[in-house]
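First chain A sits with chain B, and in the next complex the same chain sits with chain C.
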Partner chain A sequence: MEVLGSLFNVALLVATIRTTTPILLVALGGSFTTKAGIFNIGLEGQMLIAAFFAVIGSIYTGSSVGGLVIGVAAALVFALVYAVLVVSFRANEVVVGLALNILAGGMTISLMKAIFGTRGSIVGRGIVGLPKVQVPGARDLLGFNAAQLISGYTPLVYVAFLAVPAMLLIYGRTRLGLYIRVVGEKPEAAEALGISIARVRYTASLLCGLMAGLAGAHMSLGYITMFTENMSAGRGFMAVAILIFSAGDPLKVLAGCLLFGFADALSLRLQTFGFPSYLVLAVPYAVALVALFALSWRARPKTIRETLETMRRALSVSPERESSSTRS
Partner chain B sequence: MDLAVDLQGITKRFGAFTANSGIDLAVRRGEIHAIIGENGAGKTTLMNILFGLLQPDEGRIALNGKAMVIDSPAVAIAEGLGMVHQHFKLVPSLTVADNIFLGMEIRRNGLIDRAAQIERTRVLSQKFGLRVDPSERVAGLSVGIEQRIEILKVLARDARTIILDEPTAVLTPQESRDLFATLRSFVDDGMTVIFISHHLEEVMEVSDTVTVLRDGKVVATRPKTSLSKRELVRLMVGRDVSFDRRPRGPVDGKAALEIADLWARDDRRLPMLKSASLTVRSGEILGIAGVAGNGQTELAEVLSGLRPPSHGSVRLHGQEVLGLAPAQIRARGLAHVPGDRMVRGVDRNASLSANMLMGRQDKAPFSHRGILSWATAHAEMRALIKRFDIRARGPKDPARSLSGGNIQKVVLAREFTAGGDVLLIDQPTRGVDIGAQEAIHDEIMRQRDQGRAILLISTQLDELAALADRILVMFDGRIMGEVDGEAMDEEAIGLMMAGVDPATPVDPSTGIDPIGAAAAPAFPRPPASEEVR
Partner chain C sequence: MKTLPLPSGLLRTLAGQALAFVIALALGAVIILMIDESPVAVFMTLMRGAFGDAEKIAGTLLQTTPILICGIAACIGLRGGMFNVGIEGQLFLGGFAAAWVGFAFSLPPVLHVLVAMLLAVVAGAAWVAIPAFFRVRFGTNEVVSTILANYIATLLTSYFTIFLFKRPGGWSETPPILESAYLPELFSFSRLNIGLLIGIALAIATALFFRWTAKGYAVTMVGSAPKFAEYGGINVRKVGFGVLLVSGAVGGLAGGVETLGVHHRFMEGFAPGFGFDGVIAALLANGSPIGTIFTALFFGALRAGSLLLEVDTTASREIITVIQALIILAVSADLLMRRRGDRTGERRWKF
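After this line comes the complex of A and B, so read on.
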């Protein structure tokens, strides 16, 4: 009980929010492409390249904002290349996505070697991390514990969570969001009305690049200020899985990301309790698998049943016979 | 003359194929102008050119007296042209109003103003007498309503000239009648309607002027009043065509295919085959008539094992086959000519021999100890090409290089030689030119004379009149009644196709209230709550 008490506390919630942020950002980015009808598995690469260039940018400009901008720009370049190949040249989206992921992995390693002469990771060297935002008055109003929940995060944490309602508004009430949905759901309808499918898909891809870039920058300039080889560690793929099961719906994306973030945070906490690390590190993935399985179990096609109810409606028999047939 | 549309010398080529050749078309303002022709005559190409979806290689276009280059649909729309496509382009997850204003959203402060869109839709709907519920989602609406939405979409863009591409292909007779009344009211308001069709009856019913296309050329443009149906066919086909009833002997075979109380659901999980019962005897052609989408597809799919039934019984020579896999059903003697040859009939990229082999690839003489003998397959295909008069260079031609009629003959050749003695033939001549149609009918009659039991599904009444011994009419998944092929009563069939029960219900044992059945809608809306997902 004592263990549980010290395991599940405010700190765990705070950790959950922090670990959810990068995957939420990248998954929301992927929501744009998913809704626009592009199966984008290039999220991982866009995130990784942004993380690397955010560090480079931060070192060269000496500011975290500079790092952020350059990191996002790198992700946008990747997103643009992806869009050119997939939208304009109609290349296979899975092949292109995989190729760009591999390119991102290799490119960061070679550039690291070329620029810093090291392998593995970039630490120190004047990397400026993102500042922490203290919400003014939070501590006075809510007390220390509750204030932790809403105050003291890097700006991108707030961006990620505020992006959820923003995207609901975009999909529900703006022309761009409507067009993205239509292009994904029924492209021939868009075409017939003179909506350019290519333009909408480019826009969606670039918005996705923007969000993936923010996710990457958050990884390398957020809570830890360093870059390590392959530091996205499958989060982009996890986001793809969440996207498949949420169909890009922002609220479902949020739920999926919170689940994964919670499992991630939990495994970090468990490590401090001396559980075998290889088991602990598998927790988030196991949770994700179980959750996805549960979801698909619920959504599995049900066997066709000719219920009395639907038969009666089809036959439109009189109410008297209706009630008697229910009993028989 | 006040012309809404004036096309001169329009020519359009696709590679070596000329789809439109020197077409002149003058449509007066305030008339319903029908464009009629067989499949492949170039009607849809011409309309796509007019609407800016295709560019002509030669020719001039003038709209409302102004010469124009229509290089995108936007230009056509701006000039008051509206197109209702044959395949509706609605977004299922959006509401009716959202669909209508898609691409021209009403916005306030940068956000879409849903309330205003719904209001405008309501006003439009009232003004033109096209009833819709603006805030309803499109998913699950009937095709008739979907078409109303498509027309409202066009009207919301201030169209004064409306093009309808095969508008009645998916409608029930009642829905068609409503549509014609709507079109008539448009014309009374001074609008212009261009109506593309290959159905003689509706062209004769609704149009003022008729332009007939054949092989990409205009054969005639005449006021309807100066035309008879017979003349119209001659213009369309280029020769007199008689689909007279084929002579035949009496049916005296035993029951080969027996279906009893068969139920099945369609892809939307709605009951689409309701208590169907029928018997086909050896040496008999049993025709199934009905407007497309009234359960015929489901019937064929259940019989061939492609769609799971809800319940019922299907017996081949007294043996229950319901629920068996397609290959097992075939092994018990059913051959199936599917309704859509390109989807289930052939592999378009495979050679004719490979297509012929399908289903017999593991049988002698084509397979010897698990090794295919292509030489045998090619020899067999060569023989079939000769026997069925298939226009192909040889057995190694890919199926896609053949015309629709010849592809259909390949399917027929395979199925008729598969050894099955019960033939399920779905739409044997859909999209097939008239010459090939006659040959296909000859072959079907030959199969009958050899004592095969044939279930012939067709939406074309003249085909059934020529071939069938008996005709059953399907409506809303139900068999409405039976008509003798020898003395076919078109009036009675037409009524049953529209869902009106004949005086004597065909199968009183099922205990179905005939009035209730007739009142049931042809395209029932999915129930709100209990829809099985």
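After this line comes the complex of A and C, so read on.
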């Protein structure tokens, strides 16, 4: 019990919120492309390149905001390349995504060697991390323990969690959101309405790059201020797994990300309890995989889903047609 | 003289690939300039490192072997419409399984190799079985599930190596395998072994299978036109499952060859990136096993050359990863092929 008590406490919740942030940011970014009908497997690379350039930018400009801007710019460049190849050249989205991931991995290591003359990681050297935001009055109102839960994070943590309702609004209430959904669900209808599919998909891809860039910057300038080779460590792929079973819905994305954030935080915690680190490190990936499998019935081909829905509607309207329209 | 009716599609494809290559190399040169190196010097060093003398050529072929076998694994998947990106994980598990048979059992020479290879193949197939099942049963995207499985495979084999089977002493590696499980070497001056011949034989066999057998045709149809295949009475799910299993088995075989032929033990970070290189080689060859021999040789040469690159210049060997990625991107854009409206008939994996 004592072990459980020291394992599950406020600190674990705080750690969960921290570890959820990068994956939430990148998954919300991917939500734009998913909704627009692009299967974007290049999130990992966009995150990694942003993490690297955020560190570079932070060193050269001497400010964390400078780092953030340059990191996001790098991710946007990758997102633009992705969009040009996938939308304009109609290249295979999986191939392009994987190639961009490989490119990000190779480029960050090559540039690290060229600029810093080292391999492995960049630590110190004047990297400025993001500041921590203290919510005024939180400690007086809620007491120390509860205040920890809402105060003292980097700004991107708040951005990530506030982005969830913001994106619900975008999808539900704005023209852009409507266009993105139409282009993703019924491209023919979008075309018939005179919506430029290419322009909407470019926009979605760039919005995705923006969010992935923030996620990357949070990784290298957030709680640890360093860059390590391949530091995104599959988080982009976990985000893709979440996107597959959430279909890009912001609330479901949030739920999935909290699950992975929790698995991540728990695995970090378990390591300090003497469990073999290799197995513990595999926990988040295993959780992602199991969740993907368990929820994969949601990913049934859209045509089947639509057929079933149409049938259900037909059935509810005119029950006498039941016998003719049911199929196995 | 009238011009012969050339297969203009093929010609255009080849011209497109060539143009893509040139563009990719130009971009690569720009990146090399960005890191303050001369592209010509880097290119010459790469060539010298890959083909400088007999030993270097053997080194290139040594690097080619796992890429080739992984590439064939990817080809088999691609032809059946399955994107097996988990070859890296299958390679690691296969490599570990072969090493375990190699050091834990004492068997007569040829039998020992066969048993170790068999277990490697089984391990590779077993590792892909669950993602394969969910792919064909529920349509779970196999790209993501196999990528996630890669991370688990790497950590799991590291756990086996370090916590369960660590060789007494400093290194994080298993005990060496017995000599009876060594793959025969081809030359006295290199670790190059018959694994290369296995790979080439496998490529030819796969190509013949797809070209001449009814089963091979069925697999290709499942990959390119599943509805047509189903109409023709083929059980698409069963074929898809089989394709992924065989692809995983070949991935496991690659691991076995690497363990028994090169390292003679399993260690952490064994064969880094060969699985991914294999996938890229197969993509670049557009799913053709014979073409994969050449693309794998090209990537093997890049890898071998990059070792010298790291010694002779300040550039990192990962610069070749950048070049590989640029080539794939340029080829995927398929510059000369003007695609028209119809996207539904396009093969999933095709550029």
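Assume the second predicted complex is superposed on the first by the 296 of 328 C-alpha atoms of A that agree within 3 Å, B and C clash if a C-alpha of one lies under 4 Å from a C-alpha of the other, contacts with A are read in each partner's own complex, and residues count from 1 in each chain.
Everything that follows uses one rule, which is that a contact is a pair of C-beta atoms (placed from the backbone, for glycine too) under 8 Å apart; a residue touches a chain by one contact, two chains touch by 3 or more.
Quick caveat: nothing in here was measured; it's all calculated off a predicted structure.
Once the two complexes are overlaid on the shared chain, A:Gly234 sits against chain C while remaining clear of chain B. In the superposed pair of complexes, A:Arg181 makes contact with chain B only, with no contact to chain C.
Looking at the shared chain after the overlay, A:Arg125 reaches neither chain B nor chain C.
A count of residues in chain A touched by chain B and by chain C gives the higher number to C. Of the two partner chains placed by the overlay, only chain C lies in contact with A:Tyr285; chain B stays clear of it.
When the shared chain is aligned, chain B comes close enough to touch A:Leu193, but chain C does not.
By the touch criterion defined above, A:Arg173 lies against chain B but remains apart from chain C after alignment on the C-alpha atoms of chain A. In the superposition on chain A, contact of A:Ala99 is made with chain C only, not with chain B. Across the interface of their complex, chain A is touched by residues 72-74, 77, 83, 85, 87, 89-94, 98-99, 102-103, 105, 107, 110-112, 114, 263, 265, 269-271, 274, 308, 310-311, 477, 512-513, 516-517, 519-520, 524, 527, 530, 532-533 of chain B. Those residues of chain A lying in contact with chain C across their complex are 39, 41, 81, 85, 89-92, 94-96, 98-100, 102-103, 105-107, 109-114, 117, 119, 233-234, 237-238, 240-241, 244, 276, 278-279, 281-282, 285-286, 288-289, 292-293, 296-297, 299-301.
Listing the residues of chain C that touch chain A in their complex gives 31, 34-37, 83, 85, 130, 134, 138-141, 143-145, 147-149, 151-152, 155-156, 158-159, 162-163, 276, 279-280, 283, 314-316, 318-322, 324-326, 328-329, 332-335, 339, 343, 348-351.
Contact residues on chain A toward chain B in their complex (touch as defined above): 169, 173-175, 178, 181-182, 185-186, 188-195, 302, 304-307, 309-311, 313-318.
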